[in-house]
Structures are given as structure tokens and as C-alpha cells.
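Below, chain A partners chain B and then partners chain C, in two separate complexes.
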Partner chain A sequence: MSLFSWLELIASGLITGGIYALVALGLNLQYGLMRILNIAHGEFLMLGAYLTWMAHTTLGISPLLMVPVSFLALMALGLVIHKLCFRRLTVTSPNLDIFEARGLMVAFGLMFLVQNFASFMWGGDLRGYDYLAEPVKMGEAQFAGNKLLVFGLALLFSGALIALLRFTLLGKGVRALMQSPTGAQLVGIDTQRLHPLMFGIGLGLSGVAGCLLSMAYTITPSMGEPYTVTALIVITLGGFGSMSGALAGGLLLGVVEALGMHFTNPSLKALLSYSVFIAVLLLRPRGLFAK
Partner chain B sequence: MKDKQILVRDLLLLLAFAGWALALPHYGSEFVVSMALTCLMYVALSSSWGLFCGSTRYLSLATSAFFGIGAYTSAIALEKMAWLESIALGAGIATVVAVVMGAAVLHLRGTYFAVLTFGMTELIRHAVTYFEKKVTGTVGRVLTVVPDRDTIYLTVLALAVLAVLVSIIVRRSRFGLALMGIGADEQRAQTLGVNTRLIKVAGFAMTAAFAGAVGAAMAVRWTYIDPHTVFNPFIGFQTVLIALIGGAMTLWGPLIAAIVFSVLAETLRLQAPQVYMMSLGLLLILSVLYLPGGLASLRWATFSGWWRDSRGWARGLSRKERKNG
Partner chain C sequence: MVQSSKRQLLKGAAAAVGAAAFAPSLFAQAGPVRIGYAIARTGPWTGGAQVSQEPNYLLWAEQVNAAGGLDVKGTKRPIELISSDDRSDIETCVRSYEKLMGSDKVDLILPPWGSNANFAIAPLANRMGYPVLAPTALSRKLVELKLPNFFLLLQQPDRMVGALVDMLVANGVKTVAVIYVDDLFGLENFSALKVALRSTSIQVVEEKSYPGDIKDLSPVLRSIKDKNPEAFIGLSYPPDTILASKQSKEIGFNPRFYYASVGTAFQLYRNVMTPAGAEGVLGMGSWNSKTSPGAKAYFDAHTKKFGGKEPDRWASGHCWAGLEILQAAVAKSGLDRKAIRDYIAGNTHKTIIGDVKFTGSENTATPGTVGQWQNGEFEVVWPTKVATAKLSLVKPAWK
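What follows is the complex of A and B.
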């Protein structure tokens, strides 16, 4: 194999990896911060994708314009869901373990609800639209324009979120909440407001991811589950709650998958990612980059 | 009630249920019998799930893995072996897999455990698919040697009765107490001299044996199986759902919930599959929020509690209105 084809392989892996990192952002916030393992994450991503698809095919709105719209729509939905379900759960659960188990169950319920709502509304067919589908030449290599755009925006959003958490007062509060909920309350952080807000932002981010994914891939009501699993793998790789870890983990997973598929064969892709996932959970449950 | 009276009551109830289920094929229509079969399958699956996962609070999502392993085993073994032998083999292989899996993952608690068992199920499903594609050449398998309907029904009924019976017995044994102890406080149980590792692996293997046997018995019912249907994660989810909605800690909860669910499933699923799944989701959320102990924990006090809550809520609303107005 020449140096050039190595580079091309790694570049394509990095692009997929960037998309993985984007998919994981929202879930990472929800699980890392609030211990809500939102297994319905992929379903909300699918809602964002359908929202974009509908707006683009019926109203002709540019998918790029739908990025903030789907963020706000899903954030509103997240606030409502938090108010209806998770607030009561926080009050009634005797300890964090039980809260986690019950939260997981509620998320399972949401998964059934949202997924079947979508297939009820839009049917089970594959949908999609063309947007920037022509290839872009970079030197000798060619990449699909929409995937490059999604990759760029994925890096932008991850970077923005990392910066937000690291440099602003809000981010400081959120990080405090991640480290110790009780401690955060003691120093005057309003957890009652921060919790719903962060859950909403997490859902909003999954809406953004769905919106961006619909530019490059076809969508169906059952597309959510593989993305949920990918997101889970990425946040385990990076360590729960660590944004920069998730970005690195996503990129790494993309490269590993691209290389693995090239050297073995494509039908091993799922097997490969699940093996990585289980190996990391068993050997380094706190993430690859934990000290 | 005294301890012995409860035992007698439980055994009598089980006998009544078993007798009813035994008589059903003689007067029920084809549709009713098929519904009863699904119901019995979920009784066996969720009772045995509750036996380990309910009392220790280890949330396993691996039921569909053991179910699928059992189904594949009987599909392969039935060509050469007798009916009961292939079911026993299915249960045996599922048990072996559970022991290996349990030894690897049972030191992790809570969400880690749930996610890991789910990941392993998917790994097994993809591995079987890959193996079938590469080695056998086809993905699905057609079962040619199939026992008649009554044999399948009786086998699944026997498994369901056995699952409940084992639950009754284990609950009164040292082993059951150890499981409960792990659920209440694992470290304390360890300090008090319980070999938690051994107990957990044994409990997990027991659940797996039932799931494997049920999978082996149900495979012939479908006559055609492929990894996508028998390793369907939905089988695992629904087992967990039934156990939780019924009350995973209780003996009769899973059974009641399984009956409710099969009736709901058969009546709704054909006309409006999405509505069925949506109501399933909604039921799950509502039961976790308002009835965390499950259907079996429903008492008159629960209703009056809800009534009090809603009155308090209405009072709060009117107070707010008065303040604004």
C-alpha cells in the first residue's frame, strides 16, 4: 500500500469519526452530567433528521438553516420531557443507583414511543434528498461535499461545546454539577434550573446531529438505534462526561473502523465496533484517556 | 399469613393456573392457543428474569442472546436428536455462555452492566450472522423436522410452570436469601460471608438456562429462523418490561403482566402495530413513574395516594390562579 492510499484511508476514517463524535455530544452531556442514560438518543436524532427532511422537501428550506431550528425544537421537547418525567424521578428515587436504573427504563419507554410515532407518521420507507452530493477534489483524493461539510460542522460544534464548558461561568457550573451534585448545590448553583436546561441542550444537540446527518445519509424511522450504540461506544471510549475525550474517541473509532474494514471485510464492521466497545468497558471502564 | 400458608397458597395458585392452561387447547380456537403460547413464553422468560435480576437488581438485557442461542441450537440439533434432548442441549449451551459472560461482566454494576449485556447480545448476533454467511452460506435456516402443536404447547407450559416453581423454591432457600442480600447491599452481603461472585454467576446461569430452553422450544414454532428474528433485542426488552411492570421483586407480578401484555399485544398488534408499541412505551414510563413496585404492588392505598397527589396538585394550581388573579 502506498503512502497516498494510507492517507486517503485515514482521512475517510477521520471524516466518519467526526460524525460519530457529533452523534455522541448530546448523550455525553445527558449521561455524564445527569446520569440519565438516554437510550432514546438516536430516536431524537431521527426526529431532527425528519424535521429537516420535511422542511427541505415540502417548503424548500435549506438544510443549513434547519440546524438552529431543529436545535430549538428538540430543546423545547427536552424541557417538556424533563418536566414530565425526570423531575418526578429525581424527587422520588431514594439514591443515584435507583435513579439511573429507572431513568434507563423511562428512556426505553421514550424510545418505543418516539420510534413508533415516527413510523406511524411517515411510514417505514427510506427517505433522503440530494444536498451538495457532488464530490470535492482535494489533490488526488475525492470526498463527498456533504460529508466534508458535516465533518467541518461536527468539529465546530464539538469545539464550541468544549470551549463553552471550559471558559464560561455556565460551563463552570455544569462541570461542578458533574463532579458533585450536592457540592454544587452547596456553593449556590441552581441545580433545579441547570438540570432541565442541560437535558434540553443534550436533546437539542441530538437534533442538530440528525439535521446534519440527513444531508449525507438516507433516513428511516429505525435509523436511531445504531446511532445510539455508536454514541454509547464513543462516550465509553472517551470516558463518560468528557467532551474532548468523546471527540478523540469518535475520531479514533472512525479510523479503527476504516482500517479494520479495509484489511478484513466490510461485513465485519458491526462486529469490530462491538468488540472495541466491550473490550474498553471491560478493561478500561473509565475511558481510554483516564489517568 | 404464616410462612407455610403462603407456600400452600402459592402452590395452589400455580396448580390452578397450570390446570387452566392445560385445558385451554381442548376448547380454545387456534387464535386463543397461539395467544396462550406467547403468554406462557413470556411468563417463563420474565419469571426467570425476575428471579435473578429482580432480586439482585442487576439489570440484564441479555435475554435475547440466550433465547437466540437456544433457538439456533435446537434448529441444528433437531435433525439428529430427540425433542427433549435438543431443548436440554439448548438450555445447556445458553448456561455455558452465561457462565463465561457472567464471570466477565458481573463485577460491574448498574448501567454499566445493562449496557454491557446489551452490547454482548449484539456481538453474539453479529457473530452468528457472520458465521452463517461465511461458513454455511445462508443466513436463515428452515426447520424441517417439527413436532406437532400440542407438544410445543405442553413443553412451553412445562417450562413456565417450572420457572414459577423454581422461583417459589429459591425464594425460601439460602440461595434466594443471598440473592436478596446482594440486591439490598452487596458489600454487606459479602461481609456477612456470602460468596457473592459465585451466587451471582449461578443466578445468571439459571436465568439463561430458562431463556435458552424457551428459545429452543419456540424456534420450531416459527419453522424458519434467522439471527435477526431470534436474537431480536426486542425479546429481551419485552421480558424486562413485563417483569418491571408486573413487579420484578414479586412472584406473581411477572405472570399477571405477561397475561395483560399478550392480550394487549394480540388485540392491538395486528390492527395498529405502532399504536401497540407506543402504548407499550407509555405504559412503561407511567409504571416507572407512578408504580415503581409494579402491578403486584397495587393496593387500595396506592389509589388513595394518587388521589391525594392529584388533589394537592389541583390545589396548587388554584392557589397560583388566585395569586395571579
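What follows is the complex of A and C.
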């Protein structure tokens, strides 16, 4: 295999990995920060995909314009869901472990609700559209425009989130909240506001991921579940709550899968992903990039 | 006078008793024919089920009822469809059919979607004595079960890939690369393909399987591109058919013959790839509206009822043909399921896709076919005797 083929293969793995990272960011924000294991994360991604598909095919709106729209729409939905479900759970749960267990149950409920809502609204048909699918040549290799866009935006969003958490006062508050919710409250951090906001941003990010994925893949009401599983693997790889870990974990998983599929067989993809997952759990249970 | 009125009274009484005795059965005969089925409305099978199958059931029931009802040996009775969502889950599917045949005791059943679901319900339906005309089951193993009540309308793997290999040989192809989904459908088609290729000089330069929920085929497609085969064969389902096509376009993999399986004949394929992008792509398809006047009428009625949604050019037509056969069988045999079964098994049926005749469970009258996108329509291009258009020999570059 030539050096060029190697590079091409690794690049295609990085692109897929970028998508994984983007999907994982939102979930990481919710689980890493608030211990809400949002099993319905993929379903909100699916909503973002359907919103974009509908806006593009019926109203002719550019899917690119739908990136901020999906973010805001899903963020608003996130604020509402937090108010209706998780705020109440925070108040009524005696400790964080019980909150986590109850939150998981609520998220399961949300998963069924959202999936059935989508089936009811749009039916179960496969949907899709053609957007930016033209190949872009880079030297001798070529990649689809929409994939490169997804990759670029995944990096951009990860970068923005990392910068937000590291360099702003808001980020400092969020990190404090991650380390110790009670401590954060004691030093005057307004957790009542920070919680819903972060949950909203998490859902908004899943909306962005859905919007971008709809440009490259076909969509159905059941498309979300596999992404939730991948996101869970990625945040475990990267370490809960670590955004740079999620980015690195996503990229790593993408490259491992691409190389594995090339040298063995795509049917063994799940085996490869889970082997990496189990190895990390055994050797570095706090995540590959945990300090 | 008294005598005559007494006689009239007696006559009236007799008539009343007679009517009371026979009327319930008369009313029952005019009641609806209850036809049950379970089909995927949610879950991964939905994409196929809601294109190739359930829309046809709804359209058929509506058309028959609008024409006064289903002809049951001369009596017209309305169709009542009793249906539920099988959630793309084998167990739910089997339980639903157990209920339909066991406790609901429906008059007839229509099949679920896909080889796996049909495989699961076929022995059950056979035991309960319900004839099944399955339009989306593709498995030689189902034929080999030799179930007297089970009929497969699609051409089986050996016929479909046999036609493909014939076409490749006739056009001098020397090398192919194959990818296949690692379930019953992919494995059976792949082994049938291997058998068909054995008697040719065609060389397989790459063969790889992949799981049904694959999200990225580009590493495999890139290695296939490096080997530069003359033909690419994807034994794939709708989402991966589209994924493979999109990613082949991405990486500029454009062999002379590009073949993908289920989903190529869907309207969705043309929508997603655009008509220019789909041009020249080959796939599993066996009819279009040019095949017969009946096919045209069906195509137009389907498109009208479902707001522009077209039937696919493979299993949809076979599904409609199955409903035509069932309708004719009921007209001839009534609701006696044994007689319906014998009628289906013992006759050659005229349908929109041409003659259908069963040898055992298998439809042996419809030849294996190959379809191709040409100017926005999926044409039958092989074998020439059933072709609706001439095979376009070189696939243009992806657009």
C-alpha cells in the first residue's frame, strides 16, 4: 500500500471520526456536567435532521442556513424539556446517584416519545436529499464536499466549546459545577440557570449534528439510536466531561474503524469499536485523556 | 274467505320463520371480508415496507371497495383491513400473525415485509392453513421448506444474479468487485453469485461483507477503486445502496457497470442521487409503467393516491400482482382457503408484471431481470425479451 493510500485512508477515518465527535459533544455536556445520561440524544439528532430535510425539500431553505436554526430550535426544546422533567428530578432526588438513575428512565421515555412523534409526523420512509455531494479534489484524493463541511464544523464546534469552557467566566462556572455541584453553589454559581442552559446547548449541538448528517446520509425515525451508542463509546474513550477528550476519542475511533475495515472486513467493525472500548475500560477506566 | 286468509297467515308465518332462520347467514355473507396483516411502520424495515408493500394493500382495498367490494364467488363484499405495526421486530410480527389467525380468525392474511419476517411467519401460516403470497421474500431456503401454502412472487437469488451475470458475460466483462450485507439476503445472493460466476471467466478482484447498519463504506470502496474492476456489484439494502452510491461518487469510483440491489428501483434513489447522478446505475428491477397497460394504470393510481409517491420498479409490482392473484382466487373459490391455495398453485396467472406461475413455492414464470436508470426512469434492460429499454453500455461519470 502506497503512502498516498495510507494518507487517504486515514483522512477518511478522520472525517468519520469528526462526525462521531460532533455527535458526542452534546451528550458529553449533558452527562459529564449534569449526570443526565441522555439515551434520547440520538433522537434529538434525528429531529434536527428532519427539520433540515423538511425546510430544504418543502421551503427550499439551504441546509447550511439550517445549522443555526436547528441549534436554536433544539436548544429551546432542551430548555423546555429540562424545565418539565429534569428540574423536577433535581429537586425530588435525594442524591446524585438516584438522580442519575431516574434521569436515565426519563431519557428512555423521551426516546420512545420523540421516535414515535417522528414516525407520526413524517412516517417511516427513508428520506434524503442531494446537497454539496460533489467531490472536492485534494491532490489525487477526493472527498465529498458535505463530509468536509461536517468535519470542518465538527472541529469548529469542538474548538468553540473547548474555548468557552476554558477561557470564559461561564466556562469556569461550568467546570466548577463538574468538579463539585455543591461547592459551585457555595461559591455563588447560579446552578439554577447554568443547568438548563448547558442541557439546552447539549441538545442544540445534537440538532446541529443531525442537520449536518442529513446532508450526507439518508434519514429515518430510527436513525438516532446507533449514534447514541457511538457517542457513549466516544465519551468513555475521551473521559466524561472532557470536550477535547471527546474530540480526540471520536477521531481515534474513526481512524481505527477505517483501518480495521480496510484490512479486515466491514462486518467486523462493531467488534473493532467494542474492542477499543473494552480495552480503554480495562486499562484507563477514567478515559484515555483523563488527567 | 276464511280459508284463504288462514292459508295466507300460515304462509306468512312460514316465511317469517324461514327468514329468521336464514337471514343471519345472509347478513354474514354481505358483511366485510376481514383481511389481516402486520407490517413495519416503525424501525429499520419501514423504509422498504412503506414503499413496496403497505401502500399497495391500502390502494387495493380502496379500489376494490370503490368498485362495490371483493367478489367472493359472485357476492360482492367490502374489504376490512385489520393491521398493526410489527415494529420491525420478528417476535412482534409472529405474535401479531398468531393473533390474527388464532383468535381474530380473519378470513385471509397478507404477508409482512422482508425475507426474515416471511421466514418467521411462513411455517405458522402454513400450519394454520392460510395461503400467503409474499412479494418481498427472497430466499432459496424458503423455497426449499416446501410449504404448500407459501408462494414467493419475487424472482429468487439464482435467477436475479443469474440474469446479471449473463448480462456481464454478454458484454465482455472480465473483472468484478462485490460487497454484500451480512444477513440472509446478502449471504444467499452472494453464494448464488459465486455459483453463477463459476462457469464464466469473470474474476472476482474483491469481495467484502458489511453489517446492515454501516455508516461508512469509503475505506472498502477506495480499496476496490485501486483494483479497478470493470463491474461493481453491491448486494445491498436501501440505506446502504444509497450510501455506497454516494460514497462511490465522492471518491470518483465509476466502473463501466455499477450494480446495487434493493432500493435502486426506488423513487428515493433518483431523488437523492438526482436523475443525472443516477444515470446508468444498474439494479434489481423487473417492471415499469411500460411493461403492460395494467402496470401503467397501477402506477398512475398509486402515484395519484399517495401524492406523487411512486411504487418501486421491483417488489411493488410483484406485490400488486400478488393482490391480483388473490382477488382472482377469491372470485373463483370464495373464502375456502384450501380452494384458494389450490387455485394459486394450479394456474398460470395473468398479472401486471406478466405471467406468474408457481412451481412449488417459487414463481418460475418471471425471468431474472436487470434494471437501469435512464433519463430519470428505471428501465428493465435485461433479458431483452422483457426489456423496456436498451441497455446503456457505459455508465457516465457520477454527477
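Here is the rule we go by: the second predicted complex is superposed on the first by the 289 of 291 C-alpha atoms of A that agree within 3 Å, B and C clash if a C-alpha of one lies under 4 Å from a C-alpha of the other, contacts with A are read in each partner's own complex, and residues count from 1 in each chain.
As a convention for this text, contacts are C-beta pairs under 8 Å (C-beta built on N, C-alpha and C of every residue); 3 or more make two chains touch, one makes a residue touch a chain.
Everything numeric in this text was worked out from a predicted model, so none of it was measured.
Undergrad: Pick one for A:244: touches chain B only (first), chain C only (second), both, or neither.
TA: It touches nothing on chain B or chain C.
Undergrad: Should A:218 be classified as contacting the first partner (chain B), the second (chain C), both, or neither?
TA: second
Undergrad: Would you sort A:101 into first (chain B), second (chain C), both or neither based on which partner it touches?
TA: First partner only.
Undergrad: State whether A:191 touches chain B only (first), chain C only (second), both chains, or neither.
TA: After superposing on A, A:191 lies clear of both chain B and chain C.
Undergrad: For A:126, is the partner it touches chain B (first), chain C (second), both, or none of the two (neither)?
TA: second
Undergrad: Just checking: does A:267 make contact with chain B only, chain C only, both, or neither of them? Give me first, second, both or neither.
TA: both
Undergrad: Just to be sure I follow: which residues of chain A are touched by chain B in one complex and then by chain C in the other one?
TA: 115-116, 119, 267, 270
Undergrad: Enumerate the contact residues on chain A facing chain B in the complex.
TA: Contact set of chain A toward chain B: 35, 37, 85, 88-89, 92, 97, 100-102, 104-106, 108-113, 115-117, 119-120, 229, 232, 236, 267-268, 270-271, 274-275, 277-278, 281-282, 285.
Undergrad: Can you tell me which positions in chain B touch chain A when the two form their complex?
TA: So the residues of chain B in touch with chain A come to 57, 59, 104-105, 108-112, 114-116, 119-120, 122-123, 126-127, 130, 133, 237, 240-241, 244, 273-275, 277-278, 280-285, 288-289, 292.
Undergrad: How about chain A: which of its residues touch chain C in the complex?
TA: Residues of chain A touching chain C: 5, 8-9, 12-13, 16, 115-116, 119, 123-130, 133, 135, 142-144, 147, 216-218, 220-222, 226, 257-259, 261-262, 265-267, 269-270.
Undergrad: Using the touch definition up top, name the residues of chain C that touch chain A in the complex.
TA: 40-44, 46-47, 49-51, 88, 179, 182, 208-211, 213-220, 222-223, 226, 238-239, 242-243, 246-247, 249-252, 263, 266, 268, 271-274, 277
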